[in-house]
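Next come two complexes, and both contain chain A; in the first it sits with chain B, in the second with chain C.
Let's look at the complex of A and B:
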């Protein structure tokens, strides 16, 4: 079986008027880099949170590797939230030990090497680092895992273009080819070159799930251009 | 994984808790020193003290600070534990906590155990501090009225002193003291579970989670108090008067605290697994 994620009739309603994800059904395969694209409020982060067990669906289900979100899936999913979620009073080296303790697939030497490449001192406390450097540390921790699924929520939004290139290079070079990456972002132009497939979301509903090659072939334009056309205001 | 969670929870709390303990030790030393002034030695001799020096005033002021510090450290430790739980579970750090490959039971138990341990350590140290201060005062008072040291007097007269304490506090046997330890542990775990439960109940609110947590904390405390003082106390007093029931009110309070702790635990587990909504 090549399916990694199975989403069936998934709905998340905060209240009767506020439906963040609406009756979504989707199956995602292994070994793909998938762009999760949509305007603000389209339900990207809500979907991601449900996949990580941080939100409980109102209806429907998600299965990752055949399991509902729980301890088994969390052991195999590497998640980068769109927030600075690490303890600011800890040193980077302490965070490496923390990840090593909890994630069996965490490769500490790989993380140390990436920190060295970026000139980040492991003895630095998180609170002394700039916002961009904190985001790089978070990404390094996530990408140093040998996970089945990487879910990255806006990994390049808060950093400069040079760092963006490094981050994308890090993502491409450090993921297991058997694994899949779900990459949620607004900055389609910057990531288009690395994507295999894209998901378009609008008002919590699935608008499109297709391969990048198919979109280019069928629409005769880039994903970025097609996105702008579909979501034109 | 529970062991690892406890280890990291302990590591992330020990610095602040140790600072509180060091502060308590410093205040105990200053509290003891505050009695070593002319004012107190004259007072212990039974003399009137009219001309107070700056040192005497400082000593009295230090004693006031000592009392505030003891109360402050105990309340402060509860507030610190509450803030630490909130940050780790329901703020941005919660994104990491709730995506660790551990069960919700392990997350709750690790917090409950480490929080209870620190609270009990701080309470025991606060009691020890008071004992040291009282001993220090008694030693000064003893030295101005008697010859020799207080410690040698206590050792020489230990049997009569212990008998007097047992009589004063109506302690039937020392096993009573031994059995008060589980009561203390239950009371500590109940206090910490109330904080954890209130913070978790606060997550049910859409926008005012912190306010809802504070309201929940006071609501739980009021409900516990109402059951304890309005329902259980009269029932036990009536039973005691009618048939000399020896199952005391204190024991019933322990049972009530255990029940509330268990209810709050499973309620928190249910909310984390079924209603979690991290923003």
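Let's look at the complex of A and C:
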């Protein structure tokens, strides 16, 4: 079965007027790097939270590898939220052990190697690290898991261009045909060439799901430029 | 280090062009080994599936050969490489001559300009 994520008629309505995700139907295959794009408030984070079992749908369903979000999927989904949830008074080395404890699929040696490559001292406390370095640490922790689905919410937003390049190369290098990565971001131009496909969301609804190359071919412009056209204010 | 790619054209087509150029220029010599899809994708900073698509296209054209045990190599058919080189050269010439015509430069002027530049 090549379908990794099956979304059917998915709706999350907070009340009659606040419908964050509206009747979404979408199937995502394995082995893809997919961009989740849309203006603020378009439902990206709500969708991501439902995939992670942090929110419950009002209607419809999500299945990851055939399972509804729950303990089983949480063991196979690696989530990098846009706001850190890690304990800042802990040292990086302590976080490595924490992750190892928590996740069976965590490859601690891989993480250590990446930290070494970036010159990050494992004995540093998170709170002493710069914003960019913190983001790199969090990404390393998530990418060192051997998951079926990686969900990265704005992984490159607060970092300098060189760090962005490193993060994107790490993502490319970690590519695994059995897993997929969903990358939610506003920095479309920066990551376009790393994406297989993109999802455009607006007002909680699916506007399009297509490959980067198809969009460039059909529209004669980059996905970034096409996005600006579709979502022009 | 990432390859410079136009943002308004499909990526895989540009990858095909670039690798083709590297083969024709001898950067990857006839019979020579090519890097893996993953390594080249990382170097180019593009999606591995897209790089795979480019490789598949080059295999289809016969420029690249996949051997089960030893990975991908450039064809040893120097004739084929030479033909593609000629075709690309002609395309560039065509563009150049059209531009010269637009400028109103005569055939004789074109020839003497080229002679000057090449020497």
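Assume the second predicted complex is superposed on the first by the 232 of 233 C-alpha atoms of A that agree within 3 Å, B and C clash if a C-alpha of one lies under 4 Å from a C-alpha of the other, contacts with A are read in each partner's own complex, and residues count from 1 in each chain.
The criterion applied here is as follows: a contact is a pair of C-beta atoms (placed from the backbone, for glycine too) under 8 Å apart; a residue touches a chain by one contact, two chains touch by 3 or more.
Source: prediction; values computed, not measured.
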item	value
A:194 touches, of chain B and chain C: first, second, both or neither?	second
Partner chain in contact with A:59 - chain B first, chain C second, else both or neither	neither
Chain B versus chain C as contact partner of A:27, first or second or both or neither	neither
A:128 touches, of chain B and chain C: first, second, both or neither?	neither
Touching partner for A:81 - first (chain B), second (chain C), both, neither	first
Partner chain in contact with A:72 - chain B first, chain C second, else both or neither	first
Which of chain B and chain C A:49 touches, first, second, both or neither	first
Overlap of the chain B and chain C footprints on chain A, listed as residue numbers	none
Sites on chain C touched by chain A in the complex	2, 5, 7-13, 38, 41-42, 45-50
Partner chain C, residues of chain A touching it in the complex	31-33, 165, 168-169, 172-173, 175, 189, 192-196, 212-214, 216-217, 220-222, 224-225
Complex contact set, residues of chain B against chain A	1, 4, 7-8, 11-12, 92-96, 98-103, 206, 273-278
Chain B-facing residues of chain A, complex	14, 49, 52-56, 70-72, 74-75, 77, 79, 81, 83-87, 89-90, 94, 98, 101-103
